[in-house]
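Right after this note come the structures.
Both complexes shown next keep subunit A, but they swap its partner, so subunit B is in the first and subunit C is in the second.
Up next, the complex of A and B:
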């Protein structure tokens, strides 16, 4: 009898401690949520000098240089982006304004200096190429974690860092450009070290890598990232420099008016 | 030395027939065991090596512009027009299904659901896939129709002017089979059960259909030819044993040849796949042995002696003609076209096997066979009164006329020969009512055609392309090209710039022009690549903006048409050169086909001429006489000139099947001439009676020649009913070659020899 009681108590203890351990481990959803915020919402605002290098499968290059600013209206919510092109010289002055909303189509405006003309652009979806690169608008402004289900596959080291490997499957297959995504998420910075996107056939379509991480004003920042089209061989490298956070950027900057007449610090 | 070798070989084979049989069987099994390892390559494109300049330039230009060499075009036609909600829904589903197919390069499929249409409405720029959503009702569909028809980038490419035909352009991996993918799309289209009609066109479909069909039809026609040859052989000799012996030689040569090349791991291309038919033709050489043997058997009572005497009589012509055939085919290996080399060596090896069998297996079989009935006693005047003898007697009597008529025929044919044009059009390989031809016709009439030609304008320095004067020159060239009947549609970066200009200026048609500043052009292109699929622009201009790709859709796959168009472009550019000395360089599948036609067909032609020269010298060597070399070469020359003269007059192109045929005449016409000349010389040496020898030769070995010709012509007759036009061409020309070379041998040679008796018989 006594033995049965001890056995039962022992069993209960083992089962409950396993349950506690599991509760302490993070769910896939929670990891993705943290990663989403660390990647797309650090600081209230930020600005950076961006060099974007498009490399074709034949090895030819096209380089674009622009200043990019972002302002969050709400953490995990609406964001506004302002882009001002410096290079190549003949597109200098071209400017982009994007108001990104988590649950509906973005609003986009473009300024064409040669015509001194602002045009609103009706975006069709977030999976379009961002200024001709291998990144989509969604890659730039983020995809809400709630759109997919996330599952921790395993934990392993990636690039010398401890990482969770997450598998994400879209809840609504018509609402994504991938059928499956694998993410290697750094346990300390919560930034993705690598991502693999699989197309509808299940073939590897694109590979993202964060090649350089830096801590700037206390925020971990991907200062160099690459997106490679695994099928065509085309790839895009994006390098951030002069990154600054919490500059108290004026809301005015993210308006149609500044497209035509941006602040002097952008144009020099 | 040769007579001793021959006698020893034949004698040993007769003494040990079972060893010969066992050994042959064993070797045949050994070679046959390699057959399952056979690798086939059904792609006619592989006839040009991947190191050829045109393939390398095409590859490079495809990398510059992110293009794909193999594109299937699926046309969808609906009586009520494409812009009906149900039809659009089916197209969307089909496109989605296509993009999931293995082998399809999904990211670059161009269709309503993938290509971006840039429009402007209420001052807002819209950049969406044409068929982002299926319109809910007829009115919405009608609005979409007006919008699509207003975009010149789309008309004649994705939509026909009458809005009844749309197309899906499906690039496929170079390793994928276009025919297999087209069949799978067809199955999906059938499953939709709509009223729409589907058309499958594009080079990969035609190419792989030709490839597989050729292999398939060979499997059908080679055995069919074998059966017909068997039946005709039986009718001639009334002995199944003899039929079996004859067919065994052919089969052994085929198995050894194919087995050897399969074992060596050499891929069998379309050309080499025809070698069984060739070997079957060459092996009918053994008919001469059987023909002579049936005569000897009546004259000589001892079977062994009859065999030795038969071989003594026909051994030399068989050796000479097979050596000439081997040399002729082996010389194809000198050329740079690899499949032609493989083909030449395979047939040469097979011919060598036939030669070997003629002196070993055939005597062994003759020794083993038992006469069922005692040989009939030949009537004394049998030979002299045979129709062949009477015929030849007539030819000798009218010798001058016969020789003159022959000369006139050759002269007339030479005119036809000069009219022959080298061309290649894979689509024309199909009958006019075949699915591929119908599809190609439909898409050429309603859309811009399915043959892509690229004209690469290289500005030499970065940012050349964005210069307004460069774009305007490109635009002028396009307008000029569009007046050309063979051109269906042109597309260049100039069209994109004009489209963006119009859309930015609130859809003002007067602003559909190239802007005046280079900055504006660059900004328009940045806008386009930021809103449309980057590919849509990358296909037209390279990254440094140094090279522009002018895409031209041609309505014809004809190499001749492409060449003529390029010539017209050259003329135009010499009067209106592109600014800054920019040069245009052609590329793309239409251009590839043109170069293929030049390289492969001219290569085959050169190889053939080289073979002829070689055979000519070999004949002189064999007869140790220039004159007799000329005489025995004449039937080949006659046959070739007459056949190609006729081809020229009919207006048929010198294409792949015709070029292959030319080599076959090597194996046959020479064969007949050698048999005739050798036997005539033998008989003349014995009798010194010119006319008697001529008549004897025509009536006796001549009968073997005629039998051989009839036998073979009938073997090819079934090909006249084939589904692919090349097979019909091959069948018809083969029959013509056989009959012509037999006829020149038994008609022209006797007349010629009779006309110049002293000149020819001196020294005999």
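Up next, the complex of A and C:
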């Protein structure tokens, strides 16, 4: 009997140490995959009130304010976004719809209220600035982990949190706006705490920091993040508030109907 | 003067309104001027101000927009006070005033509203709704190309597709350059100064009706539409006197459009048949013949923030032989087909606050053209300025050539709140 117990304990210890060893040996690919899902796919859907401050080196500030909704059709796969702008005044009422697909160009529509016009937008370039900010469309909608190779450089503390430091190199240099990226990925939440993007010359181009993380309905969320252009000094701060997950958002929200007649919660 | 007073009052009042967080009160104050670059050589008596006025536009406007809303309804009231500094007049215009009611599968919009269909860039096939060509020619921002219709507009949605009905009981014509105005245009009947205009009277049989079915199939936006109403630009006939009578002939339009991602950009196709119901034989020279109209467009972002788009448009006249046979002396002789090519380049700079754009439209077979380079800068989130040129040219009897003498350099500035 005793022998059986010892044997069982021994077995459990072997198995669990193997599990720990496996956790420690997570590949760069696996870490980036988890981070990608934690960052871009939490919940089945989500909505938030977003304020973007675009600040030039000279301190001139511009503000973009919008309500955003996202719905996943499949985790890690197709997603839909709907954005309704409140500021600046000249774009108030403008709505933006994106159907994002893995491995092919997004479909994008823009609603121009003064003309009551829905305009289809060319989405060939993912590296275009999102509404003039330091974030690109790819930063907003996510870059698929399979597009790069990922290597764990080391593990260290970042902002008091244990993090993996990953180096990512694009598999196809033509399909990227960076030549190398370093990511500090939080071991607990899998969210990126910091990212450094290096340009083709190898110089530091942009620095991303997640300045505030909050657990909302069980999902860790970056409620404050900053992207700084290391070369121009221009930076953009994004603040998420009123974040809600799993609202059972209707598929119809992500359609032409909403562009022209958005639900009241967006327009108030 | 009164416009200024209102504008200044608005600017002074605004901090108070903003602090009260009235998110449903908005508007802007806009200064606008357009200097005539090409003086018309000679103007008929009916267009003498086109030869006198150095400016095709000058003045200010104040727009107030009220958008109170509830959970299932919202209201839009958009009115303007417009001060014309050239004539010294002040006008008030209700641009939009409608009520939206939202049902689970139906959206209703009642009142004065801007309705836009179709996928063309400054080329309209299925979009038969009223336009302001005077605003367009004289340098106002593109939103002024469209005018409101007093309409009942219902859109039903089911299973990813939509069905829209529009009824317009009170006809609203396009605003076009006319005798006595500030713009010069081709007027083969310039010698006749006595003129009158007959608009379709508000009656059941004169109610414009439009129908559209649209939806997204495999990423493509598809739509089918039909319209029964009137041409929005007038036809003219000479009455005893002599007197020139303008009227709006009956028209039906059947159209289709498709737009989707292709070839690394966006591909657009639109087609329409214009059934000129008051002249189906093509024998009445006063009324435009029926025609087939086709448009294809392609848009692509070449590098980040630089977008290129192009369009090809053709309009083929029905009964061209009848048109030629009945053409009156001095009337423009139009070809069987009008071909049009357009190109648009848009470059965004300085975090998308500076926009450089160039639009070129030309007809290779009729020889008329329109060129519009523009620089627009968002000075702050609330203020933008735009400087540009509207250049028209080509033979006098063509669509854009007739406006050569209105070519202008425009400067617009807007403070929005």
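Here is the rule we use: the second predicted complex is superposed on the first by the 243 of 268 C-alpha atoms of A that agree within 3 Å, B and C clash if a C-alpha of one lies under 4 Å from a C-alpha of the other, contacts with A are read in each partner's own complex, and residues count from 1 in each chain.
As a working rule, a contact is a pair of C-beta atoms (placed from the backbone, for glycine too) under 8 Å apart; a residue touches a chain by one contact, two chains touch by 3 or more.
None of these values were measured; they are calculated from a predicted model.
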| item | value |
| --- | --- |
| Side-by-side fit of subunit B and subunit C on subunit A, or clash | clash |
| First, second, both or neither for A:217, with subunit B first and subunit C second | neither |
| Touched partner set for A:121, first subunit B, second subunit C, both or neither | both |
| Touched partner set for A:94, first subunit B, second subunit C, both or neither | first |
| Contacts of A:54 with subunit B and subunit C, given as first, second, both or neither | both |
| First, second, both or neither for A:62, with subunit B first and subunit C second | both |
| Touched partner set for A:107, first subunit B, second subunit C, both or neither | second |
| Which of subunit B and subunit C A:175 touches, first, second, both or neither | neither |
| First (subunit B), second (subunit C), both or neither touched by A:129 | both |
| Subunit B versus subunit C as contact partner of A:241, first or second or both or neither | neither |
| Where subunit B runs into subunit C (options 258-266, 366-374, 492-500 or 744-752) | 492-500 |
| Where subunit A meets both subunit C and subunit B, residue numbers | 54, 56, 62, 88, 90, 112, 114-115, 117, 120-124, 128-129, 131-133, 234 |
| In the complex, subunit B residues that touch subunit A | 60, 63-64, 66, 99-100, 102, 105-108, 120, 123-129, 132, 463, 466, 504-505, 515, 517-524, 526-527, 529-531, 533-534, 537-538, 542-544 |
| List of subunit A residues in touch with subunit B within their complex | 54, 56-62, 85, 88, 90-91, 94, 96, 110, 112-115, 117, 119-124, 128-133, 199-201, 205, 229, 231-232, 234 |
| Subunit A - residues contacting subunit C, complex | 54, 56, 62-63, 86-90, 92, 99, 105, 107, 112, 114-118, 120-125, 127-129, 131-133, 234, 252, 255-257, 260-261, 263-264, 267-268 |
| Interfacial residue positions of subunit C with respect to subunit A in the complex | 23, 26, 28, 67, 69-72, 74, 100, 102, 107, 113-116, 119, 142-143, 145-146, 155, 157, 160, 162, 214, 216, 219, 221, 259-261, 264-266, 268, 299-301, 303-305, 307, 348, 351-353, 378, 380-382, 384, 414, 416-417 |
